[in-house]
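The next part holds the structures, each set out as structure tokens.
You will see two complexes here that share chain A, one where it goes with chain B and one where it goes with chain C.
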Partner chain A sequence: MTTNPKLAPLLLSGPALLVFIGLVLAPLVMTALLSFYDWGQYKGIVAEFTIKNWHEVITDEYYYEIFGRTLRIALFVTAISVVIGVPEAYILNRMSPQWRGVFLLVVIGPLLISVVARTLGWALLFGSTGLISQALLTLGAVREPIDLMFTESGVVIALTHVLVPFMVLAVMAALQRLNPDVENAAMSLGASGFTVWRRVILPQIVPGILSGSVIVFALAASAFATPAIIGGRRLKVAATLAYDEFLNTLNWPLGAAIAMILLGALVAIIVGSNRLIERRYAQVFE
Partner chain B sequence: MSYLALERLTKAYGGVLAVEALDLTVARGEFISLLGPSGCGKTTTLQMIAGFVEPTSGRAMLEGTDLFGVRPNKRGLGVVFQSYALFPHVTVAENVAFGLEMRGVPRAEREQRVKQTLDLVGLSGLADRYPRRMSGGQQQRVALARALVIQPAILLLDEPLSNLDAKLREEMQTELRTIQRSVGTTTILVTHDQGEAMALSDRIVIMNKGRVEQIARPDEAYARPASAFVANFLGKTNVVSAKVVSEGSRHIVDIAGFRLPVPDRSPTGPVTVTVRPERITFVDDPALGIRGCVHSRVFQGTHWLFHIETELGALIVLRQNDGAAVPLEGENVRLAWGENDLLIEALGAS
Partner chain C sequence: MRHNGALALAFHATFVTFILAPIVVVCAVAFTPEGYLSLPTKGFSLRWFKAILNYPEFLRAFRDSLWLAALSSTIAIGLAVPAALAIARYRFPGREAMTALFLSPLMIPHVVLGIAFLRFFSQIGLSGSFLGLILSHIIVVLPFALRLVLAASYGIDQRIEHAAISLGANSFVTFRRVTLPLIMPGVVSGWVLAFINSFDEVTMTVFIASPSTTTLPVRLFLYIQDNIDPLVTSISASLILMTAVLMIVLDRLFGLDRLFLGSAKS
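Right, the complex of A and B next:
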């Protein structure tokens, strides 16, 4: 049996392509189409083309607030992950291999625990009678009990906890590409430990920090379980909003429009920042 | 008075001695090579001087002050690494300027000195390049410029040429020597390449298993190696067993019937004899030397390399290609050498 050699690549990648089309592309296209369907309280979903879902999301300030909150939370989580994750990665990278293995497990620990168990654990700590509030009261750091439940701060803390590992892994990958002699070279030229870090190490791992930030930002902006449990129904973000439209209001087309806008915004931010990274560092890292 | 003195310098990793009680004095402006196989402790020695590795014991006195009491970033030594270790995120000029910046040299002077040093290493037009866009040889020059621009007390070179191809390496050797002579910086080179060490250095420190085997001028070490290890490491050599006997007032070494007078202080009894391949000659006199048969001969341009089967085992012989006829493969020959071409070591003395 002979086959056209030009067909071979297509046939070989066929199975994976089918899975991708079936499981990723098709639902996405269907969601996109759904966002242009009509919906009414009594008539349900009607296959009639309309842009009213999009119009509603884009004009109603209620949605602005929710998207603004999503963006704010994602930015805070990303910033805190950089501040915690970068030094963490640097310290881990300098440990002896045995200790590095142990502590790497500790760092990625949050990822190994079910999101529900982990988030409910935070809920126990966050309440006004929770551990954090009680501890701060006892220490005299605050006068009144503080309640982090159903607050943006609570969501940011819980999300940072689970997303920091992605930053650590991205930065560690960048650190491992560094030539260890370079630190010694800078030191021999008269640089103190801090100067070596600021002038030599940090600039070289910026691409790692940026790619870690893109991952953390995307995951924070599209996170569902943590904002749903810590933020509750009062403190909605884009993902919980879409969920509520689908399953509570049963307004699927509106939920689809929200999901598409979230997806569009994330793709725009990620592609945009990637462009920026590539242009800024093309000279040095190719 | 010596410029740099290493006194009983020792480094132990766990129970293993990487460097054992190394003593070395270096004069100002001298070019010293630490030569030895990998794992002999040469790089560890360099790293202790630079401050990247903490010594276990011993001192390093630079003009009377102990280097080990000074933090690595205050020692003012220039280091060139095998991997070059350039800063990839800044230009060549910024790489070279880094050490001056750390010293608070004002911008105008900095720029002038960077330019001078780049001229010195032959990189005048490339100040604004990024290291990744340069060849290995050019990166090597940048690394050298970066180390030299701070006018270091000592220049430390850690296998700086081993990542270059053979032709470029030879060029860089010549250039390195010229630059070192012109700026007069005291230099310590670490290398496993005996040719490089001999071509560049005023003196060679030959190391083996953490210990110094010999410190000598290159030609001295080659002509009078202190041990069979040195003889073997510095160029090709033949090692055969023989015995020394005393006959009347004289000592004679007997190499499978080939007898040569040796100095009276030679130990009597079984010995090993080391002979350089270029010192062995073919002789016609059937009464002289050792009988052998040419096993193979290889033409190497400037000379011929012979492998000759003898009753002592296989010997290698180098014959200068001076146009004269040379023996063919399978031909029977007689080999001989002079009494001054020998190195004699008592067995078990190594």
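Right, the complex of A and C next:
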């Protein structure tokens, strides 16, 4: 276009830039400031500088337990997503185009369904009278009804279901960049199926697995609706804790401090691991 | 090309069962004729689907969700198209930082965004308003719109635009008659992805919605936290069926893998 090349990008991106400065940066800065405000049961929020919220979150064992649980759940969800998502992506990638189309719809499609509806399904399956308990009783795998509602295992299962499509997508993207001739060459040189998988395919898709893991971990650590429904009010994670401080206890400054810790930890993990992946596997990205 | 063995297919069947189980269960329970949750159900009835009509608050939330998604994704695409063109065409100081800022809502947990907006809106007098919901949804859906428009903008042959200009078209005509048609697939798929993400958003919205101005997922979430009954299964089943139809349409139009894989790479 004929416009001045110095002015044009500013004019084009100006509106979006203003919106983002006003609606992303400003609210985040205000929340960061809020975490240093004072709060009392009767006086409410007072604009006086204090570090007591940060001190409370960092020293109180109650918060340790919740952040520890959040981390544990996120790690389990990520690990299970790798274990089941990577082989599934590989299997999908080897299907004929017609079948792959159908099953991609089945595997990726749920991402478009409201997470509340998907989690409701697990709430129906869990519980001592739920289908899972009934099935295990009938099979004789357990003696007494098992109740996965309000347990960490239940949250991990439901969250894995919600997030594993992201792992499949990331690994599929990596698999589609592979050159099938390399696999064929390995086979023609006498490598077994397993050897080809371990020595040829796996090393090439590691970056995809890692970036899928980062996405799944970040979303699992900050998940809200699924732990709130399956975990209930007692089994709190970082996101539901912040929600309670804001909408039940009304201690906004403390809630803001929890939110800032969650944000800081996640941004550090995402940026750090992306740097690591890019440096370590620069050659794979060409 | 090698084929999947029996073991691989068995794994695949288990995986697909895992993915479909909760979705199928919601739909199965929704057709119960009983007044309580029962599975396996005896009989088939649309009783609980008809019951939705007796809950105007859910119908209102559904209507508001549609409006919210339509408005916020339209405004987001209106902001994303020029921004994507600026990023794709020009090299200028701060370009990388600006792109990172526009994509940052993907990295910021929605709980944190919800808290930040709750604080911000209560300070500027927008708390509980529909305008507040629109503004916050523009922010969370813009990255999805931007990535797809950006992918389409990189693919344009700029010589076509130069030809239009040399034939006497001004920049506006060139944009409307040449550039926009070329990036249209990215614009349409970006809008659709933005719409879906706005419609499904619950974590951020639960902080800033008010009882009078709320979305369907938020109302459903708050209801489920208190009790799970056949009503929420019939509402969820309706959502699932609608999404399934939309999914098949989208797959025909754009290819679901391209919609997602195109957005998976930045």
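The rule we apply is simple: the second predicted complex is superposed on the first by the 276 of 286 C-alpha atoms of A that agree within 3 Å, B and C clash if a C-alpha of one lies under 4 Å from a C-alpha of the other, contacts with A are read in each partner's own complex, and residues count from 1 in each chain.
Methods note: contacts are C-beta pairs under 8 Å (C-beta built on N, C-alpha and C of every residue); 3 or more make two chains touch, one makes a residue touch a chain.
As the structure is a computational prediction, the values presented were derived from the model and not from experiment.
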{"item": "Partner chain in contact with A:268 - chain B first, chain C second, else both or neither", "value": "neither"}
{"item": "Dominant toucher of chain A (residue count), chain B or chain C", "value": "C"}
{"item": "Partner chain in contact with A:23 - chain B first, chain C second, else both or neither", "value": "second"}
{"item": "Partner chain(s) touched by A:83 [first = chain B, second = chain C, both, neither]", "value": "neither"}
{"item": "Which of chain B and chain C A:51 touches, first, second, both or neither", "value": "neither"}
{"item": "Partner chain(s) touched by A:200 [first = chain B, second = chain C, both, neither]", "value": "first"}
{"item": "Chain B versus chain C as contact partner of A:190, first or second or both or neither", "value": "first"}
{"item": "Chain B/chain C common contact set on chain A", "value": "187"}
{"item": "Chain B-facing residues of chain A, complex", "value": "179, 181-182, 184-192, 195, 199-200, 203-204, 283-286"}
{"item": "Sites on chain B touched by chain A in the complex", "value": "50-52, 72-79, 81-83, 85-90, 98-99, 102-103, 130, 132, 146-147, 150"}
{"item": "Sites on chain A touched by chain C in the complex", "value": "1-3, 5-6, 8-13, 15-17, 19-20, 23-28, 30-31, 34, 84, 87-88, 91-92, 94-95, 101, 103-125, 130-131, 158, 161, 164-165, 169-170, 172-173, 176, 180, 183, 187, 193, 218, 221-225, 228-229, 238-239, 242-243, 246-247, 252, 255-256, 259-260, 262-263, 266-267, 270"}
{"item": "Contact footprint of chain A on chain C as seen in their complex", "value": "1-5, 8-9, 11-12, 15-16, 18-26, 29, 37, 39, 79-80, 82-83, 85-87, 89-90, 92, 95, 98, 101-102, 104-105, 107-113, 115-120, 123, 135-136, 138-139, 142, 161, 165, 170-171, 174-175, 196, 199-200, 202-203, 206-207, 216-217, 220-221, 224-225, 228, 232-233, 236-237, 239-240, 243-244, 246-248, 251, 256-257, 260-261, 264-265"}
